[in-house]
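Two complexes come next, and they have one chain in common, chain A, joined by chain B in the first and chain C in the second.
And now, the complex of A and B:
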């Protein structure tokens, strides 16, 4: 089974009575999530707001988000896949070996209670964060959780949504999807899109040293990527567009200071539920926008004479 | 690796988020990303005092120095906000996913000699 059963945050606000955060810490990383969309808001079918909702937090450590939760389930590191697999079995009524379940750090009673709550919910949501998707198991953990949400629809309405991190990271995925058919890790070097994470994804390209130039927009890989990838960015001509001085702008050959999108530049951002939101700038900036700079670079490149055609090896040796 | 091993759980904090809006070019930001949180029993066992320095060596070969503070993490785990020091510790292999393992990898902890007195 594949795919993502999802919804908008508006539906969560108006309908969700069971909210599960898995491997995420919204109290610190999405500070307005509880109050705008998930916990405290009253909704059309949730007239009493917080009192009508149950919040479960699943994580490997007790983060500040645990204070907001009705139930906190502390799993052992790198055991998320096992917990999800046990829940899938319990929901279908299959027998589970208690000793195997105990390896997850949770008791059978805790797991059965969560499975029962999921099946009895009127509208359940699984919000999952980097604690699930960037720990060992990675995409397999995410796929298991998306499958759990899909399978729960045999009993009730259940959806899953990733807790996206940096500003408009969802927008990057959405635009890539509707322009190339793929969300990331896309190569256009042959004139048509090819998708292969591990080969065409940024970190892999940088670590192997496959690329000889880089244009960085709205990101700071110099403070987030593995050191060998950062070292390669420092070796090649790297151009950074950013309103602020960052670790990446310090290692770049060129840094364009840009207007801050949403503050002094217009644009569209995609919320984590993939809803596009137009931005109206409140201030004027002396700096150009990202779009203006990219457009001017594109015009300058287009005005350059084309490269001479590559000489075939067979012709060169004739 | 020969020292006591821990699971390194890197993440984000609201303090760090606030400081990013001020700028990453400040001592305050560096102090945040160079401070790790450890369980008090682990600190006691290793002879580390609050504010003392430790060197972390990663299972992938990198190393970085942090200030140590006690906090609410399970024994055997360390929490550090993402930043240039964690870049030096995380592995480069993405397992074909495009993303490195940036949470929950093993590090060795070595207390340094500049432990505060008291």
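And now, the complex of A and C:
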């Protein structure tokens, strides 16, 4: 396992003939996805647009996206990992227990049909959302889907791409990757990057109460994280940088109002396929940008006299 | 034999990293040298004596008192000696260890015995996730040694383990033996779901019925001799199988077909 097979949305538009959305509701959450990239557009190798493409939706309930789908597969909640594992076995022609497979909510015929379609596709794409990555199994569900996409490349071209939610989360991952080598869950406390999701990832740190300060940049964990994590954010000094007052700002010690990037501040945003797009501001803002505030905090911290080395400090008190 | 006794003065407010708490580091040191050993609280370096009251010179037997649930990396890469923890233990306990014994009287956190090569870890209470597992991005987890857990255990028990034995008395959460490539996991009270997911080789023995993945297939009913030898060996460590080998048989399942793998899951089936 390891590695990620990906492509740009331009390639999806020009080449993809099998589009699978897994655990997401693009019709409501990414409304321009269908029309700009994945379904209705004609592409260089997809001359007839929608007619040349097959769209499969896999989800636990029939969302408005199901109307756009050629095939809708309803899996039982928290059975995605089992379905993907069965598909991995079927594409290799290995035996699957039909009774246990039926517990996923899909019949063997449906699973076999999907596996066949995946193998026969000229260019397949798996888009996965939080219905997959945030349900029982979490990162292993995503790992399963990414591995499935990687393994399908023994037969045809297949890629997997997460459907990112909030503004520029992809950018956060990309920058962490080229500065530390890891996308998230990185600790720099020992002077070098250490990667261990579960130990250093935000929610886990907050739930265990392992941090004594927090700087929140362009996110609203106070609205989305589990309650114990929010409680800890309220206990410790939390600093929020956001263009508007959020749930997190209300429990923070300090809130900085910043200029909205893309509207009143310039910057670079990474699209979900990791393409950097420069943003030019249309308006002026009286507020400073995120970058300016972080830079000024950094300067103020650097200007403070350094703490004496801890070893000497403790000897002095003995 | 002399002992070195460490008593935690106060639970640290952020995790403390103390990979120096290992017989290999401490055995040859005098009392003052042990006190001056470096530990890390967040990014700051402190002396071991800032957090622990230390009695005695360095020795091969360490006794730790107090709630060290937030103290990480105790016994990292130790090769000999003994560590006894009277209380809860923090993350990465005995990670990369090659020999010696660690005994925890309370509960242990995540990543205990991760990538260990030998030795024995015995936890009286429950353990967290990733027991004996491989670190993220690493190809194999524990490659030898024994981990005994008295209570339950968390997610991804024995993830990518290559050799060695893990025995858990309580119920284990999801993904026990994930991507396992060897070794043995004994589940005395079974596990939740996705046991043995993506396993390539290795053995998982369960004395409670398991909900298997659809990619496992039934192979046969058997009563393997090697399990009797295992039972006898584990008895010397104070673990006994709940049933005598004559009282039933094992249903053997192979998988995981998704990988495809030759792992086995043996589920105990008492004779009617």
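Points worth noting:
Everything that follows uses one rule, which is that the second predicted complex is superposed on the first by the 311 of 318 C-alpha atoms of A that agree within 3 Å, B and C clash if a C-alpha of one lies under 4 Å from a C-alpha of the other, contacts with A are read in each partner's own complex, and residues count from 1 in each chain.
We adopt the following convention: a contact is a pair of C-beta atoms (placed from the backbone, for glycine too) under 8 Å apart; a residue touches a chain by one contact, two chains touch by 3 or more.
Computed from a predicted model, the values in this text were never measured in an experiment.
When the two structures are aligned on the shared chain, A:246 is found in touch with chain B, with no touch to chain C.
When the two complexes are overlaid on their common chain A, residue A:136 makes contact with chain B and with chain C alike. Look at A:5: by the touch rule set out above, it reaches neither chain B nor chain C.
Of the two partner chains placed around the shared chain by superposition, chain B is the only one that A:207 touches, whereas chain C remains out of contact. In the superposed model, A:61 makes contact with chain B only, not with chain C. In the superposed pair of complexes, A:260 makes contact with neither chain B nor chain C. In the superposition on chain A, A:81 contacts chain C only, with no contact to chain B.
When the shared chain is aligned, chain B comes close enough to touch A:25, but chain C does not. When the shared chain is aligned, no partner comes close enough to touch A:174: not chain B, not chain C. When the two complexes are superposed on chain A, the residues of chain A that touch both chain B and chain C are 136, 197-198. Partner chain B is touched in their complex by these residues of chain A: 25, 27-29, 31, 60-62, 64, 74, 77-78, 130-131, 133-136, 138-139, 165, 184-185, 197-198, 201-204, 207, 220, 222-230, 244-247. Considering their complex, residues 1-2, 81-82, 85-86, 88-89, 92, 94-98, 100-101, 103-104, 136-137, 140, 188-191, 195-199, 210-212, 307, 309-311, 314-315 of chain A touch chain C. Contact residues of chain C toward chain A in the complex are 13-15, 17, 36, 38, 40-47, 49-50, 70, 91, 110-111, 129-130, 135-137, 174-175, 178-179, 193-194, 197-198, 212-217, 256-260. Within the complex, the chain B residues that touch chain A are 7, 9, 11-14, 17, 23-25, 33, 62, 72-74, 77, 79, 82-84, 87-88, 90-92, 94-104.
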